[in-house]
Structures are given as structure tokens and as C-alpha cells.
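Below are two complexes that have subunit A in common, paired first with subunit B and then with subunit C.
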Partner chain A sequence: MNSSRSPYRSAAPWLAIAPALLLLVFFVWPLAGIVARGASGAAFATLFANPAIAPVLWFTVWQALASTLLTLVVALPVTHILARYHFAGRRLLLALVSTAFVLPTVVVGAAFLALLPPAWHRTVWAIIAAHVYFNSAVVVRVVGSRWEQLHPHMADAARTLGASPLRILRTITLPLLRSALGAAGAVVFLFSFTSYGVVRVLGGPARSTIETEIYLRAVQLDDLGGATALSVLQLVGLGLLLWWWLRSAAARQSPPGTIFTQVRRPRSAAAFAAVYGIGTLAAAGVLAPLLAMLLRSLRVGGTLNTTGWRAAFTPGLQSVLPAPFAAVLTSLQFALATSVCATLLGLAAASAIAYGSRRLVLFEAFVMLPLAASAVTLGLGMLITFDEAPLDLRGAWIIMPLAHSLIALPLVVRMLLPVVRAVPQGAREAAAVLGAAPWQVWFSIDRPLVARAALAAAAFAFAVSLGEFGASSFLTRRTTETLPVAISRLLARPGDLVQAQGYVLATLLVLLTVSAIAAVDGLRPDRLAI
Partner chain B sequence: MLQIRNITLRFGERVVLDRISLHVQAGEIVAVLGASGSGKTTLLRVIAGLETPSAGTVWLAGANISATPVHRRGIGMVFQDNQLFPHLSVAENVAYALRVQGTAAPERQRRVRAALELVGLADFEARAVGQLSGGEAKRVAVARALVAAPQVLLLDEPLTGLDNALHARLLADLSALLRARGTTTLHVTHNRAEADAIADRVVEIANLTDNQSAPH
Partner chain C sequence: MAASPVPAATPTSAAPVTLTLLAYDSFTPSANIFDAFTNQTGIKVQLALAGDAGELVTKAALTAGKPEGDVLWGVDNTLLSRALQADMFVPYAAPNLAYMDPAVTALVPGHAVTPVDTGDVCINYDIAWFKARSLAPPLTLQDLASAAYKDLLVTPSPLTASPGLAFLLATVAEFGEDGWQAYWTQLRANGVLVVDGWTEAYYTEFSGSSGKGSRPLVVSYGSSPPAEVIYADPPIATAPTAVVLRTCFRQVEFAGILRGTAHAREAQLLLDYLTSVAFQEDLPLTLFVYPVHQAAALPEAFIKHAQRPAAPLQVDPARIAAQRSAWLDEWTTLVLR
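Then we have the complex of A and B:
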């Protein structure tokens, strides 16, 4: 695969140049700007002297812990039935749970705003409920794949030894799932810790996490010193979390002696009732917030009507706002540009890593760097770096797709790398022996095998761009508002009609995102028989 | 001691067990012979309470236990693939049933040690079960099932998959052990020689259908 006879080896360093340049200029430089401004004793002293900061830090941590615990508790029964049983609607339920995870965070916030009674708005419970909603898929996927491997006869053995169902859960099942629960819990904690869209929409001014506080200080309070110091703190916190997680993941080992097994149909009446009861509840739980959102888009003046939809599509009807539907077109343009940029650069990076010498392993780590910073930090960094010479990009259209591409790049590379590596070296050699030049080999052998995965990666980058809110909220201009930015602004304003238009845009964003993700799923490389 | 009366089990349209009846005396070792897919394992799972039969009853020491939950039946079972708990050591695996019963620690340790000695694994207490050979794992599974002194022991093809030498040695050991303890045992296998060697009585599962109770 990575043999020294690869016809592309000499091309590898050249392929690495464009993605490396993008990262250096638009990621490393802005982050260095934040560190230069924020990582000083004076900046931290000022930050911690502010009595508003300690509650923000405490709230960020405890809401993330509570979200993690509650997600595990809520998701485990669903995980159990999906991992253990074959039943009518199983694939649909899995698709629904997975859909909740890929929805943009602003949409999840909007959906819970629509679903929950007004007394719950601006409360921590609304935030935690939304976190449980989209993070449950992490538990279902991570813990479920381990649970499927536990042989059901193991629990049977414990039963014949006298253990009650609860005792089996406590002494056999949960201990065997411990490493998977730890891994899923760490991911859920990370997502809740860095949650931004949900907190912006559901938290209101009184509920601030580190991420929303960075936005508040940078954009609304004009306190760039505080914002950059908080960003440095967030970077360090995230770095420590990731380091701890990778270390403990390396230490965690699956217990030996496990067997892959098949799911079985529920046989007893109790199992049947549990499976269909839990399945129905879970499906309703996923759909209810989305339906509430759709209903709210149709409710203006206390009755169901299409006023909100017509207003959203009619430019100039609301004089206080630019036509909301313009945000759809803006988002689509950015998403298209992002998907082209991220896919081309991601393919170049994945090819450089796959074809190049071992020294490019450092480049592989470098490409993954954007994962270690939050989108909010990236947005802030770009905001303070590109507002003056030598690179003044204020108001430049390209800055948004560039930010989105940086966020999508590591994920695109992760999707493409295994496919690029899987292209059989023997086929390339055969083509070369038959007289094909390296570019002809790539075009006739690699391209057809990689094309499908590249299309899937493009659709994925498209979806990432559509839902991106953290960086966008710093880089947005009123004339080029993206969907999530417009939704969050509309929902923060009072009035039936304005809010209905926010829900209209959120509904459209759901449809666009789900279509893009369905395309990713349909184009998955494992559906292709190589 | 153990009586199975007219057990029928259907999975959907498929009849897996058809009016099976069998009587095992106290202290008797009965081997049930049958080809794979003949329902031998399912029969053991019905007796243990792991499957609910469509019709018929299971009796133990004169009591109908058909509705008794698995964990209260007092029936031990050795699974074909052992099903040792991979996160527990050998001693913890064997101690599992005693822990569930709330046996005090000193007594528990004594009985675990005795059970392991009985199966010839005296020094294996602290071992991880992932490090055991096939024969050792089988012995641990037998010790784990026997330690709580079940009224009946069910053996599901316990010697399948072992090489010939190990098979012969374990067969001899198991036979001696069960006889010495007088454990009422139902042993299912597809191996005629194994059945003859271990059992007081060998029955074919195909001959267990109670024709007298067939609907007319």
C-alpha cells in the first residue's frame, strides 16, 4: 500500500503544500494571534478579577457533567434494544437516532425552544435536554457496538447461577461495557463542554458557557482581552481533555473472550413490550421537537396558517429584516464552495499521507489540528487576524467557506484516507507496466475507486458548512447571513411572525442537512464492491 | 428428581421440541443423544428456564417449576462455549453463585478452593479467564456450575471442540466427579461413545416424544 515503488511517491510532498498552506494561514496564524493576545499574566489577572467569570466556568463544567450522566441514563435502554433485538422498525429507529446527532446545534436549540413550555426557556434543563437529544446517538453507536459483541448466553449463565436481572446488569453487563461507556461519556462530555449553538438559543443571557461567553465578550461587550484569555483557557482545557482521553483510551482494553453475535427477536411477552415500548418512546422523543418546530412555523396569531412561510419567502415584507429566505441561498453557496474546497484539499492531503514517506506522519497529525480547537476559537482568531493588513478579509465572501473548510478538513481526510490506502498497489503496477504514466495510472486506477468516497466527503463537508454556527457567528455580515446565524437572530426577537420565520428557516435547514447526510450514507464506500 | 412432561416449543411455525417427556432419577446421569439441530440444547434451555415452552411442564423434586424464574430454579448448567465472565478472575467466576447467595467470604473462599481442587485447577484462582486453555476453561465452567451444589446439573455438549487426548481425560474426570458427588445430571451430546462412557442411561431425543399424549 505505502510501498516505496508507489508511482506517486515523488508527488506526495507537492500534494501536501496546499492543505498545509491553508492550515498555516487560516488556522495556525489566527490561533497564534489569540495566544499572543490572551496568554499573558495580565490578561488572566483581568479575566479572573471579573466576578462574572467563575460562575461561567463552573456552569460550563457542571452542565457538561449533568448532560453526560443524563445522556447515558436515557440512551442506555435504547442502546440495549438496538444492540440486542431484531424488531420491526429497528433500522428506522437507528436512522432517527443518528439523524438527531447530525442536526445542526442551532436547529436542536430551536426545536427544543418550540417544544418546551415557555417556563423552561432560558433554563439549564432546556440546555441539558437538548444535549441529551443529540448526544444519545454517541452512546447508541459506541456502547451499542460493544454490547452487540457480548454473547447473550453470558447473561444466561449468570441467570442459571442465581443472579436476578438487576444483578446481571450490575455484575456482568455494566462492567463489560465499562470501557465503551467511558469512551462514549468522554465524547458526550466534550460535546457538551464546547456546546455553543444550543446554549446561544436556549440559554439566554443568564446562562453562559465558556464558548458563549467568548462570543459575548468579543462581539457584544467589545472585550477582546477577556475573549482571547477565555479562548486560551478553553484551548488548554480541551487539550487536557483530549490528552486524558487518548491516554485512558490507550489504557482501556476490551476484556478478552468475547464473541460477535447476532441480534434476536424478542420472544417473551415482557421482552416484546420492553422493545416496542422503548422503541416507540425513543422515536417519539426524536420526532416531537422537530414536529413542534414545524408547527410553530405554521402558528402566527394563535392559529395555524402559512403567514410565516410566506413572509420568509417574500423579500421586503418585513421591513426590519432582510428577506429571511436569502439566508438559504447564502448558506447553499457557502456549502457548495466549502464542499469543493474541503474535498479537493482533503483528497490532496489524504493522498500525500497515503503515498508519501513516513515523515509525512507529522503532516497527518497537523491536518487533524482543527479538531483540537473549537469553532468559536477559530472564528474569534480569524476575526482578530484578518481585520488589518497584510490580509484584510473583512467583508470578503471567501472567509466563511475557508473557515468551514478548515472545520470539515480533518473529517474529510479521515473519510478519504482509508479509501485512498485501499487502492490495490498491484493494479497500479500493472497499469504502469502496460505503459501508463503516473498521472494516467491515477486517472485510470485510483480515480474511479476513490470517486465515490470523494463525493460522500463532499456531501459531508456540505452538511458541515450548512450547520456551522460557532465560527460563522463571528464572521457573519448582515448581507451574507447563513441559516444558523439567521435562525438564532430571529428566535432571539419577540413576536409571533418573526419567530415563525426563524422556525421556517430551521425546518428548511433540517431538510437540507438530512438530504446531504442521506447522500453521504448512500455514497458510503462500503456500498461499493471493490 | 427431574421430570419433563410433554414439552413442546415452537419458534414461529417451526416446532423445535415436540411433546418431549423424560424422567431423571436422583443421582442418575442421563445422556440425551441427537444430531445437531435436533433440539438438544433447546431442551436444556427449557429445563433451566431460559426458554419458555409453548406447552408442557418441568418438575423438580416433586414441584412444578415451570413458572419459577431462572435464577430461583437451583439448576446448574455448563454451556457449550463455557460463557466464563471475561472481566472476572477464575476464582471470581467460580464464586459468582455464592456471592449471589450472600455466602460469607471465608466460607466462599473455602468452597471455591475446594471446587477448583475438584476440577484439578488448585493454583488457578488468580488467573484471568482469557489466559486459560480450552480444557482449563471447561474445568472452570464445571466448577462454577457445581460450587452452589445445584439439584440438577445440565451439561450442553461440554466436551465438544477439545482434541482427542483432552476429550478422553476430561470425560474420565467429569464422570468420576459426578459419580463421587452423586449429582443428578442431564448431559446432551451428539457423540455416542461419549454418552455411553459417562451415562447410566442413554436416550435418543427422537425417542422422547410422548406419543400417548398425541392429539387424536
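Then we have the complex of A and C:
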């Protein structure tokens, strides 16, 4: 598409202003604050002289590696049946696996707390199990799309020549899937490396990753120096990971001439048993933690009852304590504000990128910047930056939707950009020739075509805000707790009534998130590959 | 500003004020305890629980000047220096200070915060458990590290719970600033269990409480035994648990008016109420601490079953201020990692 003829070209720089300003003030400035404070020789010397830090770094890396390997092992059989076979319930299974991926991390932590026996709580295995749970979808999507393209005749030929299934897997399938496995593994590693909500809920006092250690130092130990130095370390680590990933992704083009999609029904009895066995196990694996959570919300004093649900809707201590349900309303308000803010900014940014000259390519990279920092770092940065005039935003309502919008922005832009670009240029030109002003052209040609995608993006930003925990845990105010913050606080306290209320909120958060994501899927004409 | 303890009720002039009282999670006074205050003054009280005491104070320090509430309950002597450094309180000389032990009020000469209760953090033991095994309960901190008491002790983490921090400081007081590390290494080898919070330690892991856990030794309060008697159902004559007196660390808790509140005058009235006899007498049975108001009567079960150490372990507040973070990091490495 030749953008030079776009009637909006002169508008593009103006459209870029609002998102760019927001990013500068609320993302770049807080991160610069962290770097200014934490990236000094003295700060690092203090950090590394602290004997508590090395085990944190080591634990962060090895649990991420273990999570990645285990995710690949657990997800490959599921990926195999989804990529290779048609079977009853295939779409449902795909939807279930994808749902596990969009659930807020705090909810996944809560679900495993409910599912696993108490002896497993606060162990590394609980953390890894939760990571496997929500990251399996990455493998299914990334590896599955490649696996679908492998021509089954290769395996058929090998089988005719007498190769065992294991040998086929080892010598044909895995080598051909290697780059896809690498890509999926890198993403899973990244997610596990920066895991926060899961570790906060499941970790206990002895288990700390870099992310939770930043929180512990900043909010509980009163060690802002250590927290900022760790954040800098995390930024550098993430930057290296992303750089390596983008570099190898560029080198990793899928081999040409292998675009088939060959799914077939399981024919042999063995294949039939494998498909339905694995499919049933996988579906049970996705549903069991959620059901355990629902059950725990209904279990107070050893019997099934609605005490927890009623308590969640009732103010405590004769109404001097707000009811836990207040968190639902708070979260909905923040999510609504986030979806409006992120969608408008995302639309402006996507339009600027699509209509503008090539110089705006830098702006495109700039808009993606929030992906390169963890939400915890953003939250800490905002907390230590906006604490004095002229921008003292502590306690300001707007700070939470702003943080959530920044986190959602890159993803919203990614969703909108292809749609904005796909609006036919000819239609715009025709309208312009007929005398429409640029805004009239946009209103009559672009708006109807972009509206659906914008709504989908709004629903997506809504879901991101609902589940956001990293930044929120720093910016939350006790009087305006969001759902994830309230859930983590309630589940950290003993007593089955308190815990049941935590599970009630977690169940409500699942329902809200799944509804929002269903809206995204319903509104989107194409499906987004991860 | 006149600081009359019995304020004139003038709620007619404006909409009724609602004060937000920030406190730690285990702040559980009697239901309706604030009704008397509201009836007297027309001021409503809303409670906001903010994690454990450490988190409460750090968050309040980060939000100094733009507080999350009007009054904060729950700075203790281990965190006091941090709170004073952060300049997060508006000083107020509450009239009820006159009724308090001068040794306690002397801790805050500038009246940035007001003492509200005192307590002791001590090792508690399950009497029946030791009797059934004909094992003598420990007498000192050093005993806890001996093989006879292997895998028997549970403590809340000093990182996240104030009794945990108090216990760590008790070991600093007992073994010295260079000796506690070796002691904790022994405790770890002897199977000490560390959990997040006091509630979990006492009600889930400890064998002598309602949770019927597996460990007969727990870091808790000197007032936990009377609490067991008072809340026993069916009633019991003697406490099922007791305190190891030589392990006790003295805790003093404070409340203060947060700088930046829009309701400083009303907040003073609330502080007057928190230090009043009526509120102070509610504390022993709900928070298991001792009132600071000397006219506040103790419940009978407290007088009968509570033991207070004559000479509790103490650490100089200036040393706590200087070393708290370093000690916590050292402790984390020795015990958790």
C-alpha cells in the first residue's frame, strides 16, 4: 500500500502526539527515575553484597528453565492431537487451553492453591505447575501452527519403512519443529522469568523471584535502593532476552513450500485412544483447578454452603470494614476507564503509524516499549516518581487506569494496526474526489470498518485491566482495592471463611475475564496468533 | 487547638465526616466498638486493613503527605524509627497521655504518635503435649536449639509479621549483635518452621490452639494463654498453654494522625477515643494486648492467667533503626535461602 496518497497524511503526526506524550510522561519518566536511582555502581555494590540476593537471581532463572521444559513436555501431546486430528470437542479443547492463558495470574495462583494439597503449598512445584498451566497455550498456538504445516506423508513414508513412532518423532517431527519449539520456549521462559502474581500467591516467605523481591524490598522491607537496583537488573535481563528473541525470530523463517493443513480423523484404535485420552486429560487439567477454586469458595467449616459468598457481599465488623465485593466494583470502574483510554490512544497510535510517513517507524517501536518492562517495574517507577509536585498522583484515581492503559497499549495497537491498514485506499480517494473533507472521509469510510476491531480492542484492554496485578500492587490504595489485590490479600490470611471469600472473588474474576475475552473473540473477524 | 476529651457534638454544621482508620490485618476490635464514638461526635469510622505491620508502615511512609487514611493504628517500637524518619504523622499531645506509664510515653517525646497498647512476644507452649511425653518445656531461647525440641517450633516470619520481628530482636538481645546468627543457624538445623503471619503460625501450625496443628512451640503473645481460657468452648479452668517468660520481648504499639488528612480535628477526637478507658478496656480480649491507660481495668482471666515478664528482653531503639534492614537480610539468608 502506498501511504503517500493517504488523505490523512498531514494528520498523522498530530495523532501520534497524545500516545507519545502519555508514554513519555507515564512510562519513560518513571523508568528513567528507576534507572537514575538504581543504576549506579554503589547501588549494585550494595545489592550484590547482600547475601539474600544471589539465591533470588538463581531461583528466578532455574524455576523459569524448569517451567519452560515442563511446559513443552506437557503441552506437546496436546499440541499434537490439536494439530493433527479432527475430533469431537476439538474446538472446545482449543478454547479451554486458550482460556487458561488469558486468566489473570493471581487467579491461576489461587486455583492451584485450592487444588493442591497443603503440603504442596509454598513449594517450587506449585509455582511450576501454575506456570505450565497458563503457558501451555503458547506451545499449542506457536508449535501447533507449524505442526499443522508438516506434511503427514513424511511420517507415513517413514512408518512404511518400519520406523517406530518414537523414531519418527525423534528424527522427523522434532527437527522440523525445532524453530517453533525454540520460539515457544523463549516466550514461556520470558513469562516464567517475570512471573509475579503466581509467586506472590503460591510462593510463601521462602520463595522469591526478582519480581516479588522488588515488591518485598520496596513495600515491606523499606529498601528502595535494593528494589530499584533489582528493577534495573530486570530491565537489562528483559532487554537482552527480547533482543535475542527478535534476532533469532528474524533468522527463523518457516521453510517455504510446506503450507498444508492436513488434519484428519483418528483412524487406528491406538490413535483414537490417544486422541481422546490426551484430550480428556487436557480438558480435565484446565478445568480441575477452576472447579477446585469454586468448591473452596463454597466450603466453610467442613461443609458445602454459601457462607463465604454471603460474607463476600456483607460489610465486616458491623460495617466499618467494606465488603470484599467492593473490589469488583472498583475493578470494573478501572477496567472501563482503561478500555476507553487504551482504545482511543491505541487507535490514534495505529492510525499515525498506518497513515504517516516512514519516519514514524521509530514511533511504532516507541509504542511497543511497555512490552519491554515488567509491570512491577512500571508500578515501582510510578510510585517513586509521582510523589511530589507538580505531579503528585499518590491517591489520584486516574493513576491506576493510566498504568493499565500503558500495559494494554502495545497489544491494542497490534490488534488495530492490521485493520487500519486494510481499509481500502481507493474508497478513501473516491470519497475525497467527491469532495469529502478528511474527517468526513474517515467518518464514512474508515470508521465503519475499524469500529468492530476497536470494540474488540476495548474488550481486550478491559480484560487486561481486570487481571493486572504487577503495577496495581504498588499503586493500590486500601480504600480502592482491585480484584487481584484483594484476592492476594485474602488468600494470604488463614481461616477458611477469609479464604473462601478470596476464592469467591477469584471465581468472579474468572467469569468477568472470560466474558471480556469471549467478546474479543466474537468481535474479531480473524483469530490472532500469539 | 483545644484538645478536650469530651468534644462538643456539632454534626449539624456540615455533612457527617467519615474517618478512615488504617490498621494491620489482625486489628479486630469488638464489633460496634466505634458506635459510642459516632454517637458522641457524629463522626463515622471506616476501617482499612493494610497487610502486616511492616507493610502498613512502609506503605504509609511511601504515601507520607498523601495518606491512605486519617489515622493509623499499629506502628510498634520495632518500626517506630522508620515512621518518625518518614515524617508521616502530625504531632498531637493527647490528654490521655497523663494516664500512661511515663516509661512508655517517653518513647515519643515529640508526640508524633501516641502509645495505645503494650504486649510481650514470647514463646508459648502446649502444656498437654509436653505432659503427654514427659518432656520438660524449654526454659530459655538456647533450649529451643537443643535436640530435645527438634521440629517443634513455628514462628511467623520477621519479614512480614511484627511478632516475628520481635522474636528476631529477642534473639539479638539475648545473644548479642554478633551472636544471634549462630543461634539461628542452630534453630534452622533444629527444624524451625517459618510461616507468613502470626495467625497462620498460631491457629494453623500450633498444637495448643483451635487449629490443632502439629507443633507445640510457637512465637506468640504473653497474653495468648488467657485468651485461650476466655474463648474456650466449653469453658475451662486453666489455660492449655503457657509462656516461657525468659524469651519475652516487650512490644509497644502506637497510633498517629497521618499528615495530609483533611480532618485533623476529627482525627484528634478519634485518637482521644482510642486512648480512652472505654476503648482501652476492649483491647485485652480482642487484640490480646495490655491497655496503656492506667485506669483501664483488666479482665479477670487476664489477671489470673496472664504472666508478664519482670525484665523483658529489649534492644535499643537506635540500634533497631540502624540495623533492622541489615538484620532482616542476614536472617533471610541464614534461615530461608
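Keep this in mind: the second predicted complex is superposed on the first by the 512 of 530 C-alpha atoms of A that agree within 3 Å, B and C clash if a C-alpha of one lies under 4 Å from a C-alpha of the other, contacts with A are read in each partner's own complex, and residues count from 1 in each chain.
Everything below uses one rule, namely that contacts are C-beta pairs under 8 Å (C-beta built on N, C-alpha and C of every residue); 3 or more make two chains touch, one makes a residue touch a chain.
This one's a predicted model, so the numbers in the text were calculated from it and none came from an experiment.
Peer 1: Between subunit B and subunit C, which one contacts more residues of subunit A in the superposed model?
Peer 2: C
Peer 1: Is A:Gly239 touching anything from subunit B or subunit C once the two structures are fitted on A? First, second, both or neither.
Peer 2: neither
Peer 1: Counting only touches as set out at the top, which of subunit B and subunit C does A:Gly89 meet: first, second, both, neither?
Peer 2: In the superposition, A:Gly89 contacts neither subunit B nor subunit C.
Peer 1: Contacts for A:Gly277 in the overlay, against subunit B (first) and subunit C (second): which applies, first, second, both or neither?
Peer 2: After superposing on A, A:Gly277 lies clear of both subunit B and subunit C.
Peer 1: Considering only touches as defined above, state whether A:Pro494 meets subunit B (first), subunit C (second), both or neither.
Peer 2: second
Peer 1: Quick check for you: in the superposed arrangement, does A:Asp156 touch first (subunit B), second (subunit C), both or neither?
Peer 2: First partner only, subunit B.
Peer 1: Counting only touches as set out at the top, which of subunit B and subunit C does A:Pro424 meet: first, second, both, neither?
Peer 2: Neither subunit B nor subunit C is touched by A:Pro424.
Peer 1: Which partner chains sit in contact with A:Asp223 here, subunit B, subunit C, both or neither? Use first/second/both/neither.
Peer 2: Only subunit C; A:Asp223 stays clear of subunit B.
Peer 1: So in the superposed three-chain picture, is A:Gly522 touching just subunit B, just subunit C, both, or none of them (first/second/both/neither)?
Peer 2: Neither partner.
Peer 1: Is there a shared patch on subunit A that both subunit B and subunit C touch, and which residues make it up?
Peer 2: Residues common to the subunit A contacts of subunit C and of subunit B do not exist here, since the sets are disjoint.
Peer 1: Which of the residues in subunit A come into contact with subunit C in the complex?
Peer 2: Within the complex, subunit A touches subunit C at residues 50-52, 55, 204-206, 216, 218-223, 317-318, 320-322, 383, 387, 392, 394-395, 477-479, 489, 492-495.
Peer 1: Going by the contact rule at the top, pick out the subunit A residues touching subunit B in the complex.
Peer 2: Residue positions touching the partner: 151, 153-154, 156-164, 167, 171-172, 175-176, 255-259, 267-268.
Peer 1: Under the touch definition given earlier, write down the residues of subunit C that touch subunit A in their complex.
Peer 2: For this pair, the touching residues of subunit C are 20-22, 25, 28-29, 31-32, 34-35, 45-52, 54-55, 57-59, 61-63, 65-69, 82, 157, 159-160, 194-197, 199-200, 203-204, 325, 328-330, 332-333, 336-337.
Peer 1: Would you pull the subunit B residues touching subunit A in the complex into a rising list?
Peer 2: Residues in contact with subunit A: 11, 45, 48-52, 69-77, 79, 81, 83-87, 96-97, 99-101, 128-130, 144-145, 148, 154.
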